[in-house]
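Paired with chain B in one complex and with chain C in the other, chain A is shared by the two complexes that follow.
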Partner chain A sequence: MKNTEPTDAGRRDFLGKAAATMVAPGVVLHAVAEAEPRREPVSGKVRWGMLIDTTKCADGCRACVDACDRENGLTLQSKPEDEDARKWDQQRAIWIRQVKVRDNLTGRVTGLPVMCQHCEFPPCVDVCPTGASFRRADGIVMVDRHICIGCRYCMMACPYKARSFIHEAVEEKLTLAPRGKGCVESCNFCVHRLDNGKTTTACQDACAKDGHGAIVFGDLRDPGSPVAKALAQHQSTQIRPELKLNTGVRYHGL
Partner chain B sequence: MKKIQFSEWGISSPRYWGLLAFLAAVAGVGGLAALYMEHHGHWVTGMSNQVVWGTPHVFAVFLIVAASGALNVASIGSVFGKKLYKPLAPLSGLLAVALLLGGLMVLVLDLGRPDRLVIAMTHYNFKSIFAWNILLYTGFMAIVLVYLFTMMERKMNLFSKPVGTFAFVWRLILTTGTGSIFGFLVAREGYNSALLAPMFIVMSFVFGTAIYILVLMYAFRADSRPLGDVVLFRLKSLLGIFIAGMLYFTLVFHLTNLYITENHEFEAFVLRDGGIYTAAFWLGHMLVGGLIPLFIVYHPVLGQSRQWIAGACALAIVGGLATMYLVIIGGQAFPMSLFPGKTVIESGFYDGVNGSAAAYAPSIPEFLLGLGGVAVALLLTVVGIRMLRFLPASLADEVADPHGGKTAAAH
Partner chain C sequence: MFLMVTRRLLTGLLAGALVAFAGTAGADANWKQTTNSKATALEQCVRPTGEIRRYHMDLLKHQRDVTVHEGVRKTPDALAGCIDCHVNKDSQGKLIPVNAEGQFCSSCHAFTAVHLDCFQCHATVPTAR
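What follows is the complex of A and B.
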């Protein structure tokens, strides 16, 4: 297996600098929302990640999906007047979705939420011609909306079908999730929260509030963090592990 | 050897301007379609978050692939020193540039943010094959323009071989790059194969040669220039060889996939269960774009008829578009296998529930934008041959092939 650590230092350093310049305007924007915005550039000392325990994921529950939609302003999307409802359903942006799979041999059914897996080696970042699709030093994969030209190559390359293209003119949006027609976007681990001192994502909070606790989020590099402890304790896997992308999102019971 | 004379396209003014007006109208409608899509957003197209590249990409990639193939005729003359092809070279270079511009225009106008084109030129991610292609395309145009200059300016003729060789190598890299846009997509079963690069090269030979023959036949006929059998038959035989090459790659691609169990579902989708995509493969790619034109060009009677040769070229082009539709749309419609060994039974984002393919229906604006790109390519060609001396005055057998018997015997 490939040892990623030695190359990672240089990569992290570069991304740290890149992120510092690119994220700075966002920080100013968010300053009003929270008391303690992040003032230092993000660093590779942290790698944000998530463990999803599919055995705790309740059938028919949409708490994480609804919370994400509200948090990131996805509920503000509106179907263009003349558009067919079925077609629009395939065109509106979705950051996290519920998927139910059945094992072909055993018939066992598993439900799980799927979103951007925040790969260490993200194919979407590799293919993006302008560098708009980027990975922060702290492991968050996101889109710089200032330089996204809307070519959708990242959507072709993403092995998790995690990205959405904004097909329509946007009337309303949240400052923390600026959205524009013709650009691509996806889950960013609620980066506006993390950059303002919080340590949880909206989906995680919603899941916990509903009493399931299927989503554990935190710093994978901190052995004391709940996510690192949970990963050390439970069996876990990645979706499409054979691609060796070293995803930041892991699943238990899949 | 008799010196080949070149001259401007001499069709009557009303006919020339009529043709220009027609092509400009089609290009204009394409422009309006792009404006419409840009103004409203992509929801007015058939594209979605499941099929993100639609009909404009089918046309754009076809034109770009054909562009590099159109240069082939010139390469055979300059690089491989075949005298017969030398008078054919300037038109070959012109078509290459025109087709590329038409294709790129479609590609750019289908961006979510075409207004940010300048960003694509100032921000480069060098790991992206897309970014490399931007350089390969612009470089190709520059090199072919220099190549044309060395061919058309007598004092520069000396340099046409080295420049032509450079252009030939560049075009091979360019089409490798275009094929790799798909070949590098590890995520999707329909792509993820290094074979796509050489396959795109051989397809470029087919599309480019077919377009070249049709344009040459039309330009010569409209202008009453003699086009002898030697040149035409040589070109159609070339088309035949290229089609055979394309079918060979198709065979290897699918046989390999059929051998690899993890690709069986994709093969079943293309070869048997894919509906429109299966039709695009068997009818479009194999029959219309492959076996039928191959049969025509090598048929002892049909292969001697100009109408049939033109028909074979037209079929190769139609089949080529079907192939692009299959590769680009079909490759996306086939559901990505996120959970091998499991079946998706419910999804909030169309993850191929119960193996179903993603829906896509081309919309009229998408189609018009694609046609607009074709019109731009032809418009540039028509203006080019009218303004400058791209066309040889005659390609009659005794002019094109003065040592007649030797080359003619090959047929």
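What follows is the complex of A and C.
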């Protein structure tokens, strides 16, 4: 707590500069964040992160996956005529994987969504030969599709199996989420939303709308953010903590 | 022999330059007169037209890095802005892709025989999402 004090002050100052007038710091912060697309480069004063409460994650629910597909246009591709149906299905781009883990000693089964874990030290970035796989200053690990050559080393390196390769041409594209054949892609915390002033991800909204509220998203460096508060309160764990990747996505109840 | 080759080369270059100049000038007149995009009604693009015509690829290439790596979206140099302003509607009011034959992007790119790779990933008409 002692250490976070100056960081928080700096962040408020930084965001406050963007606002012309200031009534109350909290109010203005929110208003600016909602209204405007980003003008200033992202900085390390923010680190986006997520806490997923697996105890609230309902069995058979696909709300977050469907919302992610819709938001990022993952379903806007259709199978080419000469393509094998099974192969097409296996090669579909998946940003959120639904995983079930079973404790062999107790038999307890837990279902959880696994997406890009947004590591502080991402193996996908280490292996990328072109620099296309990168970690943005605000902690989002993503692919610059302009320089991705589709070699798929990052897919091999990722311990979470979080990345997908686009095997076929994309006919219908979205303005906010461009994607095309020959590149690797993965969850980017709905970066287009964050850059356009929103503070939520599509999966989080869908989960809350369905009444589960299993996903909390926000700035890990801001002690006042919902995710930081939830992390301070509840037990949480990283997947594969022994790799020491310091993931931005944490799980409760695993 | 060398002189002849040089002369032929120079003549070719000159002719090429003339054709290219006439071609892009023609394209300009075309899209201004026959389109109904937002841009038709405007005096000037985000920069002087000549500058845009010569340097748009550099501006876009710079902007893509700034947007993807630094998250800056509030800018006049974004490709989404170009498309939003230059997209035309057909007689039914439906948006025509900017890379369709004879449309804003493709008219010049077809003439100059320069590949247009943006739209392998990017939307060719503005979309809500």
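Heads up, the rule we're going with is that the second predicted complex is superposed on the first by the 219 of 254 C-alpha atoms of A that agree within 3 Å, B and C clash if a C-alpha of one lies under 4 Å from a C-alpha of the other, contacts with A are read in each partner's own complex, and residues count from 1 in each chain.
As a working rule, contacts are C-beta pairs under 8 Å (C-beta built on N, C-alpha and C of every residue); 3 or more make two chains touch, one makes a residue touch a chain.
Since the structure is predicted, the reported quantities are computational estimates derived from the model, not experimental observations.
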item	value
Touched partner set for A:105, first chain B, second chain C, both or neither	first
Partner chain in contact with A:61 - chain B first, chain C second, else both or neither	neither
First, second, both or neither for A:39, with chain B first and chain C second	second
Touched partner set for A:173, first chain B, second chain C, both or neither	second
Touching partner for A:181 - first (chain B), second (chain C), both, neither	both
Superposed model, chain A: greater residue contact from chain B or chain C	B
First (chain B), second (chain C), both or neither touched by A:161	first
Touching both chain B and chain C, residues of chain A	169, 181-183
Interfacial residue positions of chain C with respect to chain A in the complex	64-74, 80, 83, 119-124, 126-127, 129
Touching residues (chain side chain A, partner chain B) in the complex	65, 80, 83, 87-88, 90-94, 97-105, 109-111, 114, 123, 125-132, 147-153, 155-161, 163-169, 181-184, 239-240, 243, 254
Touch list for chain B against partner chain A, complex	38, 40-43, 47-50, 52-53, 111-114, 116-117, 119-120, 123-125, 127-131, 134, 181, 184-188, 332, 336, 338-339, 341-351, 358-359
Interface residues, chain A side, partner chain C - complex	36-42, 71, 73, 134, 136-138, 142, 144-146, 169-170, 173-183, 191-192, 194-196
